[in-house]
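Paired with subunit B in one complex and with subunit C in the other, subunit A is shared by the two complexes that follow.
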Partner chain A sequence: MARVPRGNNWLREHATGTWLILLVLFVASVPLLPFGNNYVIAIVVRALLFIALGQAWNVIAGIGGQMSLGHGVFFGIGAYATGLLFNDLGLTPWIGAWAAAVLAAFVALIIGIITFRLRGIYFALATVVISLAFEKLSRYYSAFTGGDTGLAIHFRGTAPAVMQWREPQAFLWITLVVVVVYFLITRWLLKGDFGLSLQAVRDDEEAAASAGVNVYRTKILAFLLSAVMTSLAGTLYLQFYSSIDPGSAFGLSQAIQIQLPALIGGLATAGGPVIGGVIMIVLSEVTNIVSGKMDWPGVDVLAYGLVLLFIVFKAPQGVIGLITSRRPPRKAPDSMATKGVQ
Partner chain B sequence: MLQALISGILVGSVYGLFSMGFSLAFGVMRIVNFAHGELVMIGMFVGLVVANNLGVDPLLAMPLAVVIVAAVSAFLYLFVFQRFVGRATLQQLLAAIAVALILQTAAALIFGPSAHAVRSNWGSQYLLVGPIFLSYAQLAAFGISLACVAAVEIVLRGTSWGKSIRAIADDPEAAQLVGLNAHFINVSAFAGAGALAGIAGSVLVSYYPVSPHVGFALMPIALIATVLGGLGSVGGAFIGGLICGVVQQVTSVLWTSALQDVPLYALLILLLAFRPYGLFGRKSAH
Partner chain C sequence: MTASTSDVVLEVDGLHRQFGGLTALRDVSFSVRRQEVVGLIGPNGAGKSTMFEVISGNISPSSGRVEFYGEDITSIPPYRRRRSGLCRTFQKIRLFNALTVEQNIAVAAQQCVADGRWKEEVVSVLEKLRLTAQAKKFPHEITLPDRKKVEIGRAIAGHCRLLMLDESLSGLTRDEADEIVEEILALNRAGLTIIVVEHVMPVVMAMAQRLIVLQHGSLIADGPPAQVAADPVVIEAYLGGKHRPAP
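This part shows the complex of A and B:
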């Protein structure tokens, strides 16, 4: 998929880490700043959730080149499994999150075994219908999942033992830690042995196989990692919003929201989902205000659609691609095309 | 069960109708038009507006629906899909998803997010043949669909335009070499796919409520019918649509109507994984 040429990526090359650490410290200290009221903090948490989901999807779609449109499945499992374990069995989400992640990995294993027989667009289409099936099933088995109205976790006020707080500060610090860890995972994948095999598989499966890479196993392992990361972010989403429903868990528009940060920022880069997530939160806040003022529900989806169209046509390498292509109007390498049918 | 089979075939004939349009774009141009369900939705809204404002049957809106949806479809080809012809890429899929989202939201802004049914028509009347209930609306849909399949097959096999389409589907480069105007053929094929979606929409709205999100319910069926019928086989997509209808209805009887699509999804994944050239397609079409 989108290949950012090595050595042409200012984020990777010049970021001595210093200013990244400063950035993290700044975000962590938002609650202490004068403008850091709960409204602002909640926006930052939502941005961090966008980023974490984008980072998780970027592992398989960007670095692995397998364009899953079914990541809502793992997001939904993370939210639903954690919530059900807590509501029905009283299991704290601190443990439930990992139980959900194991379940997500198991489901990813089954999906991967079947669908990694397929390539490119056929893999994408198969993952679409899998998430549609999950949505239908979660609506139907309502005694278990809460059906259309969804699942609300039993709220106990500020109770750190069960990952609940009235104020959003704690969520900011937790999601920030997750985003930093995911950033480091992405960096490791971009440079480490496993990640290099994965990128080799993405760029040319036959060549990777003849160089001794186990293509099938590499793809499945990356898919499992991506599913676990998505599931953990799903748990955080549930704890932060206190509820989840089939549409916002498994729906196609959710799947697209998971993809957009990486697509906007730049696929297969560590900084891409971060930049994309920030743009997403701005987009989402602006459209929220517009839809509130003008009574236009769903205008955020319209904005997502337009942005997606713009990215596909004008910036297939995302914002990072726009920044790094210093040489003026060079046609971006149409690397996605190599994953086509032909 | 006999009832399920017969209703399945009646419902499925309309699925087959719009699946043929999807198959035309997929088979000929290798374009996965994820927004094809939205084209049907536009046809349904045209039928709704005409029926509710003029008080006539939505079927009478069909010519208007055909013109509008064919125009939208040709427009989409020219401005979005043209650059992707011949390569079913992930970028193309993302672009089509974006188009689907934009059309959905536009419909929601115009008509509101809820579902609308057509007022006062004969869609709820039934014909009783022995133990079998037959809805008039679905019988009409079946008749229209059969007529369309016949027309499409005749056009594809009998006219020079249809033969050009099939030639391009078989081998685009050779077709260009012998002087076929691929650009015109592609635009008109997309318009034709839109026309079929428009017919299906105005037929469907007489018994199926329309909402901005109806496209995402219909598109997977078109995809499944196309894969069932075999890529590049337009007639096969119609048969695939019939199979989808029957599977849905049988699932409703044996399990529940809420999950009538789930076996179809499973079927699609198994087909893609194990028999990607479909039940009626040739291996070369893949």
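This part shows the complex of A and C:
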């Protein structure tokens, strides 16, 4: 399992902001580029969705140290609840997304109350079981969820009031805003009061409690935040792709996909999921092209596996950890003592 | 020795802890008074660590009660004991490795400083323990004595009325241990009540005003260091002998 980077992380402190600015500039310029057609824009939206999901998972797994393997539950709730509210009740996804997020938070509360008494691998296993249970339920109650064939939203063409567009460009801006907001949330968690407690819980629960931290409450709150963030990304996924099925919502492969950006880029860093998401999509597209041209079906899956193996053996702290371990800090940030308290 | 009830910081009454067939604590009772330095000693397996865990709330007693400033805290969770001023370090240093020295202390200060002025408290603790120069460093970048001091700093940050130190001197050279002892005694002179578990006996004898001796989970002696050191039961417990507690 990837580890949390430690040490004098100049890149963690400063350069991740630079990475984000570069990403924003790149994404904003995509429609203006000569090759910026709808296909390329759709790839960038897909990358941003992965980044957002990775950022959401990073909150509880990277910063909070709780290795949830069941985040597909919240992703699926975001997608299914928004879609059902729109299809059956006509509720616009702009509102439905928040209703779904509240539902995801409620489910996270129930799961958290049950599973946060467990630690380590037992917690991870419990979240997998819950995720698979949701997959089975969504297949079983087919009259409600569409069963194995899944749920398709009623498409109205370009209708901004219901978050629908024929062209992918609007989703580019929406997902970009979400990624930037999630990035800022991550930065706040890494530097803010609550995040400090959360990181203490991640490093040593007993020591955190002996420092006065309410460990159980801290984990639950982080889990709720992560669930809401995942659910909102699930809503965007549904609106962008117009359909969802049980496997792609609650399945184990989706749960793994959610984890990859943070694992590849670097757990517990603001920039990790951003870098990891970009690497994932570039890798996916390149291997897709290669497998298509060379007639190598399955090479993309093989490439994913090789990248993960490389990370486990060579970069357990992700790409950011790999870079920071080889780069001395440029300047240590001022301490409370030297800059004076505020 | 007599003391008024208001002087009693910690009261341990009939603590018993059973782990399956093993009795780790056997009906132990003692009290600690304000601004005392009490040494909790005993051979390996005597029950010192279990006593620490029960007092700090990580292990529940099978029976008996713990009172802190007259309040029954037996069933109160560890984080609430800490916020009420019952503070501890660990036998094996357990710092938050991904956080800097000042962040380690800030975690406790945020939780335990009531008026929100926790940043001032962090600065104060860093200065008090002479850790200001290490503030932005990570635990793996500082020396063992400094890591011990950081753990003490995290323990005392904010509202601390009783500090329990679990083998804070282990692994240190004599000079390093002397420095830490001086820091601990300075905290005591400033008003803090302290319980120390320590194997370095000369240091404990020099630091503690009172020694409590455990053996096989039972309290076998409680008194001034000179008196306890001369107690034949204690000598037997350390050197081996006929004395065994009743089953």
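In the analysis below, the second predicted complex is superposed on the first by the 291 of 342 C-alpha atoms of A that agree within 3 Å, B and C clash if a C-alpha of one lies under 4 Å from a C-alpha of the other, contacts with A are read in each partner's own complex, and residues count from 1 in each chain.
Convention: a residue touches a chain if its C-beta (ideal position, glycine included) is under 8 Å from a C-beta of that chain, and two chains touch if they have at least 3 such contacts.
Everything quoted here is computed from the prediction, not taken from an experiment.
By the touch criterion defined above, A:128 lies against subunit B but remains apart from subunit C after alignment on the C-alpha atoms of chain A. Once the two complexes are overlaid on the shared chain, A:169 sits clear of subunit B and of subunit C alike.
Touch criterion met: A:214 reaches subunit C, while subunit B stays clear of it. Judged by the touch definition given at the top, the superposed model places A:139 against subunit B, while subunit C stays out of reach.
Contacts of A:252 after superposition on the shared chain: subunit B is touched, whereas subunit C is not.
Between subunit B and subunit C, B touches the greater number of residues of subunit A. In the superposed pair of complexes, A:67 makes contact with subunit B only, with no contact to subunit C.
Of the two partner chains, subunit B is the only one that A:302 touches; subunit C does not reach it. When the shared chain is aligned, subunit B comes close enough to touch A:312, but subunit C does not. Residue overlap on subunit A between the subunit B contacts of one complex and the subunit C contacts of the other covers 334, 336-337, 341-342. Every residue of subunit A that touches subunit B in the complex is listed here, in rising order: 1, 67, 69, 114-115, 117-118, 120-122, 124-126, 128-130, 132-133, 136-137, 139-140, 252-253, 256, 263, 296-299, 301-302, 304-306, 308-309, 311-313, 316, 334, 336-337, 339-342. The residues of subunit B lying in touch with subunit A in their complex are 30, 32, 80, 86-95, 97-102, 104-106, 108-109, 113, 216, 220, 223-224, 256, 258-259, 261-262, 265-266, 268-269, 272-274, 276, 286. Contacts from subunit C toward subunit A in the complex involve residues 56-58, 77-79, 82-83, 87-88, 90, 94-100, 102-103, 106-108, 110-112, 119-120, 122-123, 126-127, 132, 135-136, 138, 140-141, 154-155, 157-158.
Interface residues of subunit A facing subunit C in the complex, by the touch rule stated above, are 4-8, 193, 196-197, 199-200, 202-204, 206-215, 268, 332-338, 341-342.
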